[in-house]
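When the chains are written out, they are named A, B, C, D, E and F in that same order, and each has its own residue count from 1.
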Amino acid sequence: MTSAPAISRFPVPKLDDLPADIRARIEAVQEKAGFVPNVFLVLAYRPDEFRAFMAYHDALMEKEGGLSLAEREMIVVATSNANHCHYCVVAHGAILRVRAKDPLIADQVAVNHRKADIAPRQRAMLDFAMKVALASHEVEDDDLAALEAQGFSRDDVWDIAAIAAFFAMSNRMANVTSMRPNEEFYGMAR
Amino acid sequence: MTSAPAISRFPVPKLDDLPADIRARIEAVQEKAGFVPNVFLVLAYRPDEFRAFMAYHDALMEKEGGLSLAEREMIVVATSNANHCHYCVVAHGAILRVRAKDPLIADQVAVNHRKADIAPRQRAMLDFAMKVALASHEVEDDDLAALEAQGFSRDDVWDIAAIAAFFAMSNRMANVTSMRPNEEFYGMAR
Amino acid sequence: MTSAPAISRFPVPKLDDLPADIRARIEAVQEKAGFVPNVFLVLAYRPDEFRAFMAYHDALMEKEGGLSLAEREMIVVATSNANHCHYCVVAHGAILRVRAKDPLIADQVAVNHRKADIAPRQRAMLDFAMKVALASHEVEDDDLAALEAQGFSRDDVWDIAAIAAFFAMSNRMANVTSMRPNEEFYGMAR
Amino acid sequence: MTSAPAISRFPVPKLDDLPADIRARIEAVQEKAGFVPNVFLVLAYRPDEFRAFMAYHDALMEKEGGLSLAEREMIVVATSNANHCHYCVVAHGAILRVRAKDPLIADQVAVNHRKADIAPRQRAMLDFAMKVALASHEVEDDDLAALEAQGFSRDDVWDIAAIAAFFAMSNRMANVTSMRPNEEFYGMAR
Amino acid sequence: MTSAPAISRFPVPKLDDLPADIRARIEAVQEKAGFVPNVFLVLAYRPDEFRAFMAYHDALMEKEGGLSLAEREMIVVATSNANHCHYCVVAHGAILRVRAKDPLIADQVAVNHRKADIAPRQRAMLDFAMKVALASHEVEDDDLAALEAQGFSRDDVWDIAAIAAFFAMSNRMANVTSMRPNEEFYGMAR
Amino acid sequence: MTSAPAISRFPVPKLDDLPADIRARIEAVQEKAGFVPNVFLVLAYRPDEFRAFMAYHDALMEKEGGLSLAEREMIVVATSNANHCHYCVVAHGAILRVRAKDPLIADQVAVNHRKADIAPRQRAMLDFAMKVALASHEVEDDDLAALEAQGFSRDDVWDIAAIAAFFAMSNRMANVTSMRPNEEFYGMAR
């Protein structure tokens, strides 16, 4: 509504006021993406938490592993819509489109992963991720067995669970801070 | 996954096999939009229901009234995501972007209308529409009074309710038929 | 509480003030039933929507098909109680008793269809209808297969879904208008 | 479906085989009502539990107090439909019609107490009873104050809660035993 | 917060003011336990209900039967946490620890019975008890068959259901009265 | 059931095989607590995630701030029971008892924080934390204002939200790994 809407319910630090390591991280992202995703500025209000958040994120989302980068983003998008997280659906929807090289996949996965154009193993992956997001206490050995029947390793199961769990946290922080997605994300890779 | 994925779990009629009035309606849409939205083909499997559906739709979505055309689409998009209706979020998200001349509004309203860049009256409208979609038996006189305090007339209240109710139906048909949105919708007006 | 309680939260047109086609339709019902069901008067406030509603209703509830007329009313009664729709449970409960020639069936189906005196195919039909009413996004191919295993055709599946969907709409309109059932319905065919 | 459907999933004792006190109780009911309500036979399978159940029931439903006998039955009917208890809605619906001398009240209260023709104090009573039935852990001092503002004494509050709680138990036993209501109840006092 | 916090939202009778039979019952408990559990004082406000409650309790919890005394308490603890009943989780948690001679079992069963150190038959027992507590209308013949496949008799099924149902009532009364557990329970048998 | 039950569904590293920094961290905990809490061994299966998890934990739970250390643990215990996380309720219940020097508080907060012996500000804190845990998308400016009316700063609000969010993640990992609490926790500080 206004020309510069707030991106957080909490104070947002200026880039110049941030510790050097955080500023460097943000500038690297900016150089790569062409803009600073608001999550970096909103969370940088708490430098120690920022560092831990980013380290955790990278350990899950950037490492080698049995899940493709696009599959990881599918988990983020599906569970974030279940948590009604505006920031994460929009920003990670963009990243998913980029990584999957598919302009349609993000909207499909967000609204109802059962209707998405994905492989059966990806369907099983998202069924499990949604259970972790919404009813993790009901996870049983059978759920792990079902994933393994689709070819996932036990390590892949950890990855799926950990990504869904990490974004359970991230979605809640974005919802409470009322984190605003950058406008750049909406139309990216469509 | 395939080059021509199914657009319905039910038989889809060919345009040439349809009754003349239905074909005319569809050709008019095609001329205006540049393609035939799949909802027309999927529902045309049942001509009588098709005619009633479209007449109902037009009576709510095309008529004069206190709600702008964009506001009506906001109701559709918000309640359709609550019902996890892939077709309606994607197709009406596109129409909302067109009508609101705003590339961001549809994704905002879909994921969490509380975070959308909308006026307070629109927030009240969507709060009510969501109650109609999800717990209509709890609607009380106070809910109508709250809308009227925002400047809505009693007739506007009917319109909000009727649109949410109509798409409660439409979402369910789209979910059961597994209606597939046309690819054209995803990127429209972004 | 009063001698003539309101039948709607919205203005109710007088029969004489209605367009001729609507008046004719209502008079025909009145002649057959001996009274005017309130749904006709409440919805006639919006003539165009009235016409579409009735056309849709008739296309689903009056046409030929694999579902008996009583089975269609079972769907209405079961899903309407799930939606806590006072008008529809009372009015369609009466119609179900008439059509099934069974004074007990409506109350059974309304409270818990699992305990009703119905055939296994009807149980499967109502399980599916309740899923359409309450969680249509979870409908999968397996649900259709389960119905077909009970002898339903693919067309019957459409009918079940469409009736549940139509009353998802109708229930919401009745709840928002606070539509009041005629007293005649309560004791009919008991 | 059969000429003599089962009234319980558990063995049902013959009247002659029951302890004298239980038989006497049942015969007294039979004399008054003209038939033996199935709840007596189903629960008599466990004589000690039967005696406690009936003593509890009478202590709540038959005693003097600030709630009329009809109001107590309203609580039973509203909460029993929320628990989808076929037996209790049908049997206590009949008793409510008798006690309220009102053929319409039971169906109204069962489907949606918000739409019933009841006094404001009765509306408050049922709002509280439904909270006890569905989310008793959220009951707070404010809920009691709201009842007292409607003229209920602290003792009346206990009564409302205790009736809702007793039928929370009773509904569950009826659901698990698949207790079948006598046909006589359906049409009684309509 | 205060030195003698209230144990009920309702008046609490003095032991000396109670009818002799109730006083005798309470004194017997006091002698055995070393203190008077607050449930006795809170419920004694209503002597007739007290007598019925205790008779019912004893008929289920003290009688001979196929469920061990510890297993019965498992049902109480699991369903009471599902109902967020502070008194029952704390008091019956203590009794479960005593009866099972296991200091860990109560906390395990309370938080998530799927993770408790219990036998497969006990897992099946608690799955069923939770269904009775939370969705008894969905209990079907298959649920009983699953218990019988674990070696439970039809009578054991009644016991499981009846205990879950009785505490559905008891939890609601404890929640509404805001019944406070005695401090002695918290650390008992740990 | 067995003499050494599994503490995770995933491989558990030996202390000697861990990177030096992780081993040092674990040994420090062991020295202080007298045993190694299983969460350290279970999560150390993934060293990078372990480091980020612990850094995040410490940034929230160990830092200076407006919330007492006991208050932070209240948030953990209340939200962990809502998520049915066996490990976190047991382990953080123990820590809460230690930090609050109160043997009763953990069980109270776990089962129903509305009934706990806590100050009004702590009640407001837990109401908000539960909303973050269960429906963060519904958090509005009014929720923050309500906390500030209780004397919380905007920074305290962040802390409450971040702790609830962090344990939303932690609970999910504990549930999926089936993380087993050490027996030492159950009876600690009772």
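Worth a mention:
Here is the rule we go by: contacts are C-beta pairs under 8 Å (C-beta built on N, C-alpha and C of every residue); 3 or more make two chains touch, one makes a residue touch a chain.
All values derive from a computational prediction rather than experimental measurement.
Number of steps on the shortest path from chain D to chain F, with steps defined by chain touch: 1. To find the repeat of D-E among A-F, D-F or C-D, check which pair has over half of the same contact pairs by residue number; it is A-F. Centres computed as Cα averages put chain C at a distance of 44 Å from chain E.
Distance between chain A and chain B, defined via averaged C-alpha coordinates, is recorded as 28 Å.
Note: centroid distance chain B to chain E, computed from Cα atoms, is 50 Å. The residues of chain E that reach two or more other chains are 84-85, 112, 137, 175, listed in rising order. In terms of which chains touch, the assembly is arranged in some other way, matching none of the line, ring, star or all-to-all patterns.
The full set of touching chain pairs reads A-B, A-C, A-E, A-F, B-C, B-D, B-F, C-D, C-E, D-E, D-F, E-F. By the touch rule above, chain A contacts chain F in their complex via residues 9-11, 45-46, 48-49, 51-53, 55-56, 59-60, 63, 83-85, 132-133, 136-137, 139, 141, 144, 154, 157-158, 161-162, 164-166, 168-173, 175-177. If you check the complex, the residues on chain E that touch chain A are 112, 114.
Interface residues of chain B facing chain A in the complex, by the touch rule stated above, are 1, 5, 81, 84-86, 89-90, 93, 103-104, 107-108, 110-112, 115, 117, 119, 175, 178, 180, 183, 186-187, 190.
On the chain B side of its complex with chain D, the touching residues are 137-138, 140.
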